[in-house]
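Notes follow the structure.
A, B, C and D are the chain letters, set down in written order, and residue numbers restart from 1 in every chain.
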Amino acid sequence: MEGVLPINQVVSEVEQQEYIINMGPQHPSTHGVLRFLLSLKGEVVQYVQPHCGYIHRGIEKMTEKITYPQIIHLTDRLDYLSAHMNNEAVSLCVENALQIEVPERVKYIRTIMAELSRLASHQLWWAAFGMDLGALTTFFYGLRDREYILDIFEQTTGSRLTQSYNCPGGLMNDIHPDFQKKVKEFIKNFRKVLPEYNQLLTGNVIFHERTKGIGLLSKEDAISFGVTGPSGRGSGFSCDLRKSHPYSAYDKVDFKEILYTEGDTFARYQVRMDEMLESMNIIEQLIDNIPEGDYALKMKAIIKLPEGEYYQRVESARGEFGVHIISDGNKNPYRVKFRSPNFSNLSAIDSMARGFKIADLVAISGSLDLVIPDLDK
Amino acid sequence: MPFDIYDLSTFTHWIDTSLRAGMSPFWAVFTEFVLVGVVFLAFYAVVGLFLVYAERRICAFMQCRLGPNRVGPGGIFQTIADLIKLLFKELIYIKNADKILFNIAPFIVIIASFLALAAIPFGKGLQAMDFNIGIFYVVAVSSIGVIGILLAGWSSNSKYSLIGALRSGAQIISYELSVGLSLIVIVILAGTMQLSEIVEMQRDGWFIFTGHLPAVIAFIIFMIASTAEINRGPFDLAEAESELTAGFHTEYSGIKFAFFFLAEYMNMFIVASIAATVFWGGWMPLHIGSWEGFNHAMDFIPPFIWYLGKTAVIIYLIMLFKWTFPRLRIDQLLTLEWKYLLPVNLFNVLLMAFIVLKGWHF
Amino acid sequence: MEITGAQIMFYIFAAVILVFSVLTVTSRKILRAATYLLFVLIATAGIYFMLKYEFLAAVQLTLYAGGIVVLIIFSILLTSHISEKFEPISKMKTIASFLASAAGAILVSSVFIQYKFVATTKEALNVDMEIIGKSLLSYEREGFVLPFEVISILLLAAMVGAIVIAKKSDDKIINEDKIK
Amino acid sequence: MNNEELKQKISAIESDLVFEDKQYLTITVEPEKFKGLALKLRNDKDLSFDYMFNITGVDYGDLLGVCYFITSTQFSHIIELKVKAKSRENAEIETVCDIWKTAEFQEREIYDLLGIKFINHPDLRRIFLEEDWVGYPLRKDYVDEVNIVER
């Protein structure tokens, strides 16, 4: 629209134009390098086009050149907030293919670690979600409590974020002697802090106004889009693999699958808040009963999977994480596919955000809890 | 009257007469202008720096962290260091921006807050201009600031800025109504718009106590509406960093950004001082009925301390809002104003008029 | 003749008003024109302040600077893009408007020159709340209720007119529905 | 339903299917019949495969194929559908994104990385790589001398 335009022509052009905004790749509320292309009418979102791939690293291609134990370290870099679950998925997949059974102790520790990761992930999500809605204080509360878990991780695994603690056949090393004590301390402390979270955010009137009835996702759509994890369970989609396809020690513990049927942002929020309680329940049931034994099986130096296809589903903090390994009998896989929960969750955002405002889009994408490296792979 | 020991009008009169004795009237007035200007500039800078520091410490206190604590004792020089950094930062010029408007916008915002500062009584006799329509003047002048924001948003030629500016425009135009009406409630009670007289009338009791329920309602509405008018959280939609990155000042850098930043804090100060003056008696000490001893003791605290203390409490309240609540959405913001605050306000005006007519106030 | 401070201020304000009035009508960018108009209005308010006519000055600031200019800018933000410019004014138009304004200037100044200004000796009326309130609500001499009502009807008519002009024509709406 | 029952039920629906008993019941289907079978699997009351939890595009060397993992949220039986495109250069498979919406993004990913075209896909663009990227990285014969270091 350079140059001179008569006024009436200007008006008609403005009427016809779509008002398009690029939200991202550098934007505070996409939590990484994701780009939403929005078409707006006033403040109302007409459609959303997610553009991803800004940190596509070709992890699936890389796995074809490396051995199975090495894949573990790449899966950390997918969803870095549920690194432990991703590791577990690959380990379980390889173990199933080799048809070996890991010791009970390993199963228990894996489950505890996975639940701790889930707690840490949900804490970070809570922190960031509050910030998306403009309540900046939540960020520091969430991160403060997450620090305890990271300390526990650091003590046992030597790493705070990308733990690489699981490996085919067991664990990389045994738990730290203080592990049980520290975990119990953390849970005692966090049970006290969680009501504080609720006071700060959950009960707030503005928060209710901002989240209730926003970003509706029906159960049918959730299933069809494959929206899993807390986001799917907020729509009443019973997709908790810990319950339906138990792995590790989940068949030995008693816990509820959190389901909310409203399908709005608030329901997804509630699912995660309740899941934190459930995770603590699970850890409490296991932490005192970790059986004695080896922390890993003796594995061959070079792992070769028999020819065939293997699939493993695991419930990560954001939903169903899947590993599909196609082996041709060599020491490196023929093809590995990671089913990342964020990728499917993201695909629903257009149908969820249409007709809502920009501010709602931020709330919706926050409630989906997207981790960009996971969906970009 | 004991608190007249702190009456500064004799001091200012003495300056005036001694200046006039020494030079022609023109130069005397000119010197006074310059003096007042310099004092206000210095005050502006000091208050701005202090408020930024206070905001950081309060925010840190709310968020379980320390806040600035390295530069100087307790980090008090942190804001000065920031200022130096902002001064040295590159001023980025945007291609295809409307350069004139882009450069004018920060000045309009900051001049509006300067103008409002002129009418505020800091103590007895310590007021740059004592208009007989003081409140009206403050409301009028503060309504100019929004133009700076609108210009900034439009002239940056950025879509985020434009949305921020539009939001801010809608917001400020709406909330000006509530600010004005809640002040009118007190004007009805006081019968004057002159700020010095309003303060003087609260000698025996602040309006928030003597004005019964309507004054309390007016105060609450004023706090909500003025927080919205100065674009602070939870009403900071114009710059909503999680949605619009920084809203209307997305494209500003260096000292021009600092102007917006400073103006925001000064507006907060002005709003807080108006609230303190109109509802909490300005520089008037706290007097309770017939407690003579207590009242005497209170009188010995200088008025400037009273004034600053009240202002600080209200600023602290506004800061607490920001660091506690999530942000509203634009439609909710307008709903709050037009469907709740405005009707309540109109009713409140009637109620106050009724009370004043019946003479039920103290 | 010694120049007083008040005179200097007046000349500054007058110069601001003159310069920015001319800029307002000559600027080819619509938002700049609106901003220049803002400066004109503020300078006018400054002259009112000089005359110790604070109430009118404040009204000028709220209504014109803070109200009408904001609305003008607001509507510009909604409708126009930053790269838009008006067409340069044609020579004929320039000449015609120059002649018209010259004629207006002659008319006004001739009236002013003929009128004998008498300096009033009365003290400036201190406009306090009571006077403002009473004259606003009085319908007698010096009361403002009647003119106020007349103006409000005028404004209503203007608003209805604006809506009628701005409304989309009916057939267009129907067409749009068909498309959807 | 266990794998045997599933096998009977599905072979009653569609003929010429190859069944394999692996981790999940694996059904290989011709590309022409695939869309029809998928639709029937989704809509059959006793099967109701309503949730597709994974799609994997595979380069089999001579041909390109896609594995669809579908399950039923109601009966929680799982099958894997395998489709191999007819030719490698012009690999085409009918889209299923109107049956399972999640397929829209997943198919874009496969198109991006393996170059399988999905017929009737509403928005078949590259999703991770740039629009002007040459080649399909997940193919076994993909060569990129700049970015892939062979050891």
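Following the convention adopted for this analysis, contacts are C-beta pairs under 8 Å (C-beta built on N, C-alpha and C of every residue); 3 or more make two chains touch, one makes a residue touch a chain.
Here the structure is a predicted model, which is why all the values come from computation and not from measurement.
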Which chain's C-alpha centroid is most distant from that of chain A? C
Pair of chains joined by more contacts [C-beta pairs], B-C or A-B: B-C
List the centre-to-centre spacing of chain B and chain D in whole Å, with centres computed as mean CA coordinates. 64
Any idea how many Å lie between the Cα centroids of chain A and chain B? 45
Find the geometric centre of each of chain B and chain C from their Cα atoms only, then give the gap between the two centres in Å, rounded to an integer. 28
Round to the nearest whole Å and give the separation of the Cα centres of chain C and chain D. 69
Of all residues in chain C, which are in touch with two or more distinct other chains? 83
Residue numbers of chain D touching chain A in their complex, please. 22-24, 26, 50-54, 56-59, 67, 69, 73, 76, 80, 100-102, 104-106, 109, 113, 126-130, 137-138, 148
Would you mind writing out the residues of chain B in touch with chain C in their complex? 25-26, 29-30, 96-98, 100-101, 104, 131-133, 136-137, 139-141, 143-144, 146-147, 150-151, 153-155, 157, 162, 165-166, 169-170, 173, 176, 187, 191-194
With touch defined as at the start, can you tell me which chain C residues reach chain B in the complex? 2-5, 29, 31-32, 35, 38, 42, 54-55, 57-59, 61-62, 65-67, 69-71, 73-74, 76-78, 82-83, 126-130
Using the touch definition from the top, list the residues of chain B that touch chain A in their complex. 59, 62-65, 159-160, 163, 167, 233-234, 236-237, 240-245, 323-332
Residue positions on chain A within touch of chain B in the complex are 19, 21, 27-29, 43, 130-137, 139-141, 144, 200-201, 204, 206-207, 209-210, 357-360, 362
